[in-house]
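Taking it in order: structure first as structure tokens, then the write-up.
Labels A, B, C and D are assigned to the chains in the order they are written; within every chain, residues are numbered from 1.
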């Protein structure tokens, strides 16, 4: 299969205006916007699976909703096969919506309780005017291991178990044979035994059908199972991105280090060294200049008041942290987060954790 | 070893729903020693929370203990009345961090007033003594003691959870039951809470029963664990024994189904099927339909919990606390080895060697 | 072409499985015994509304005279007159049968107005959101504060005391409850993942409205249609009783008024009691049926249980 | 926001709302067709008489002057003259207001007390026959038109059992005797109580279902909350647990109380008509029949003020019971 650039996220920004009370509108009191996603860049190539991890409220779900076109972006752009989302016309949108699909977190919520499985699967096909609905629906159900299909086509979602619902949701996402599937914590509501089955299915199907996957979650252990590379998000920004194993074994950003060290290991002999990280992330409002993690960072320096630049510290491994580049040449190195192209810089000398 | 603090003996609990009944716990047995941390593990609906409620005499109205015993310090408490539980057990002896504990604080009652109410019900501490103790507990869980008189809605979710832990600790109970204390928390938050739980261990000599579906949390924080499947205890014993030589097929598969950050490329095990819904005390192994090595006998009689003696790693093979309920307990480990060697094709089809990096 | 042929055509040309759904809908309606009873009584009233005048034993407008030619004033129930006569010699039974018509008509028209306005405002406010929602809901709040009977009473006297106008006035006020409830439900549904999923696959807003929002709002809309019908009958009867509605449309409310005006409520109980009971039962049954239906239809486990 | 500030802000809002209602009603009635003058014309009065009438009542002045005059008069307690009776409106309605109030306030309050108790009993008996059927009769009665409830009471208790009078507040024969008394003495007599019982019962029964239903739902909901379980396992006494539950469960009931108090106005009119009770509802019905605008307008203002004040009171009570309302939730 060819390595094709499908989706390019370019300095993406999503700010929400805060709700103002009548009084505030009358007094013309401005409120700082919620900076849900700020200056996020990444690329999705064909047959790639990318994870985005972060704590709840870090903006990963917003990122997904913007990518899905459910929320308009407020800055930067998403480029799909060369066309900019900000310049999409009706036709482009329809094409995009056919080729980029989504799987939601809550299987109890993601299927219309008033629609039979049949209708759930037919709807996307109807919207895009595809004829052989029955054929495709049956095939898809078998692929997600819901066979025989007759048993499921006439059922309503409330008649299905959690794992079965999530399989139907996967079938719905894949039935249009998309390029990219976005998955929002697809297994976090499932039991461990079911979770493994769904993860496996997701992993196989994307491989088999040549679909790229963006998988967002707070749980690195499930992400690591499915994804080739992982991006770490903190308060609306990507702080580190690397191939999965490299990220787990050699995390560079202090936040990533803390995150990975917080994951309990299912092994009673394993002594996990923990990095005590106090407090919780701030509200993403009025963040201003500087590293977003500086108030909780154990490695905090004065320079952290300036926004760190995304730095490539080795091949395919970037991080945005002042620890990892040469500050001699500060005037050109430190940006407030404008440019997307990371510059060459000296990687930190092997202080692996 | 002395007599255990808490012993659950062949406990069966039933819920009445309309005309029919559901058996949530079926002949379950385990015990906890002084100072021991035990993890109670299983899927949702396996009866682990029901046991916790039963220990405090707080089953829902339609639930009742059909048979079996709960012994606290040797005394049978399963038939205690509400008043007896209040007087002898609740909070002074057994305290509980409930599930979804963020919602457990009364939103229209200042937290300190709740503490005073509890102290008033169980001790003769004066008001100021009780508040002092509560402030101490607040400090242990990393909250500012000056904030004890605030309402729960003035706290963030994580702080509420810690406030509950403080309320649980401040009367220095013998056993703390923590029902899914970290579920629904982000890993970093989870880590914070687990650290507080470890800190409790340093500062008090309470025992703990931690209920969770996450075996990694148990392996990290507990000394022993009990694995349940659909109302039955499958396996119980020291965590190291269960880790080294899991003997119940369910635990074997569960371990392999659990993602481990250290081995992202490992193939995850799939446990097919669903646990059965019990309308009566199970007289069969509830794992039979999901077990790859089930034989006819498994569906004819409920397996007894028996010591695993033959391959005990702990050394004292005669009096092993590692117990399992499986009639093929002597063959299963072997079968599992074989299966692992062969590599297996799951019902999902497709190759096991994923195209992952 | 037989029914089955039509059915085949429908299901082959458009895979709607209408019959399956329709069948389930009807089954839902009478799923419980109480729902059956309520619906049964309502159908009975509807039938009376249609055929009442034809089955009435006497002309409802005729003042009846006895064999001696004397007016049959305030006769207690007898075989000839099962519900007795009024002080002016009208047959109560006949009036009761004829009175079903205005009552049923008022309910149906009022209910239709209420649910039309309520659903339109509720769905628009809920789905469009923003300032539209704000304006519509402030307006609804305002209408909410109105004591309906008192305002309707005044409006009717100033604008004329017609029967139909009374129903319309009620309809123009009573939509408020349905608008609020439907809006809040639309807000909930709108945020659910399956709607997002539909948007994400490219379904248009109207399509989502028809395919996802409406089916999920439908049980509540039926509830409010029922409540609207009952509410209209209730208040219309109240207005009739006060005397601000055309007294020559002989609904049950007017019957009770006449008995009361004559000061014979207590003594001629056969005159005042039957319309009171019919009126009350009709209202109760619409309310209860609506509740019952909504309870069954919105409980998502229902279909699982009926399979 | 501090509690004190919350109360002050709500008070100011309430005064403002009163003014809005007053103004709204004034203009509403000025633009109504078919008022008293039209009625005069329709009844064949000659235009000169009408003109003279308008002159006398100041109806020819510019609207804002009329508005200002009316506004100042109301502030000084003068609500104008009844057109029909040629008597000050205030004199005509003051005792009537009290007569209505003494019917509706104890009626509804009693219904709420009774309903809350019954509702919480039904709510705690989940799954029992009582829960299934115990509330049905109340819903039935609550769905009846208010005048039907009253009529049934009259038929049974006045006509068949002959226990109570069918109408009025004081028997016609004793009117003169009672006119001699101080106003409050009338309400302390057996004669009054005898007349009072049926209409009071009608009000109470008619509005019993709502508090019962809300309390039932509310108690069931509160019992399912995490904190209810927590209260139980912390081992505090049953009595204390119940006190906590009751405080929570009563919140929605308190919210609905003023809604019932205001919703019951419509029913009150009907009940007053059935029992011929000399209350504000009967006054309004009579005034409407002859389009006696000053009375109608003033009664409407009273109704609006009553609704606004009832809501204000509840906010205050609510703010005391539930600190989340007055202190304001903030996430730390």
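In this text, contacts are C-beta pairs under 8 Å (C-beta built on N, C-alpha and C of every residue); 3 or more make two chains touch, one makes a residue touch a chain.
Quick caveat, the model's predicted, so the values are computed rather than measured.
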Centre-of-Cα separation between chain C and chain A, whole angstrom: 51
Computed distance of Cα centres, chain D from chain A, in Å: 57
Rounded Å distance between chain A and chain B, as computed from the means of their C-alpha atoms: 33
Shared-contact residues (touching 2 or more other chains) in chain B: 156
Set of chain C residues in contact with two or more other chains: none
Overall pattern in which the protein chains touch one another (line/ring/star/complete/other): ring
Chains grouped in pairs wherever the two touch, ordered by label: A-B, A-C, B-D, C-D
Interfacial residue positions of chain B with respect to chain D in the complex: 18, 56, 58, 61-62, 82, 85-87, 89-92, 95-96, 98, 100-109, 114, 117-118, 121-122, 151, 153-156, 159, 164, 167
Chain A-touching residues of chain C, taken from the complex the two chains share: 15, 17, 20, 192-194, 196-203, 207, 211-212, 215-216, 300-301, 303-304, 307
Interface residues, chain C side, partner chain D - complex: 145, 147-150, 153-154, 157-160, 230, 234-235, 237-238, 241-244, 253, 256, 260, 265-267, 269, 272-273, 276-277, 279-280, 283-284, 287-288
Of all residues in chain D, those that touch chain C in their complex: 32-35, 139-140, 143-148, 151-152, 154-155, 158-160, 166, 262-263, 265-267, 269-270, 273-274, 284-285, 288-289, 291, 296, 300, 303-304, 307
In the complex, chain A residues that touch chain C: 65, 68-70, 93-94, 97-98, 100-102, 104-106, 109-116, 118, 122-124, 127-128, 133-134, 154, 156-159, 169, 172, 176
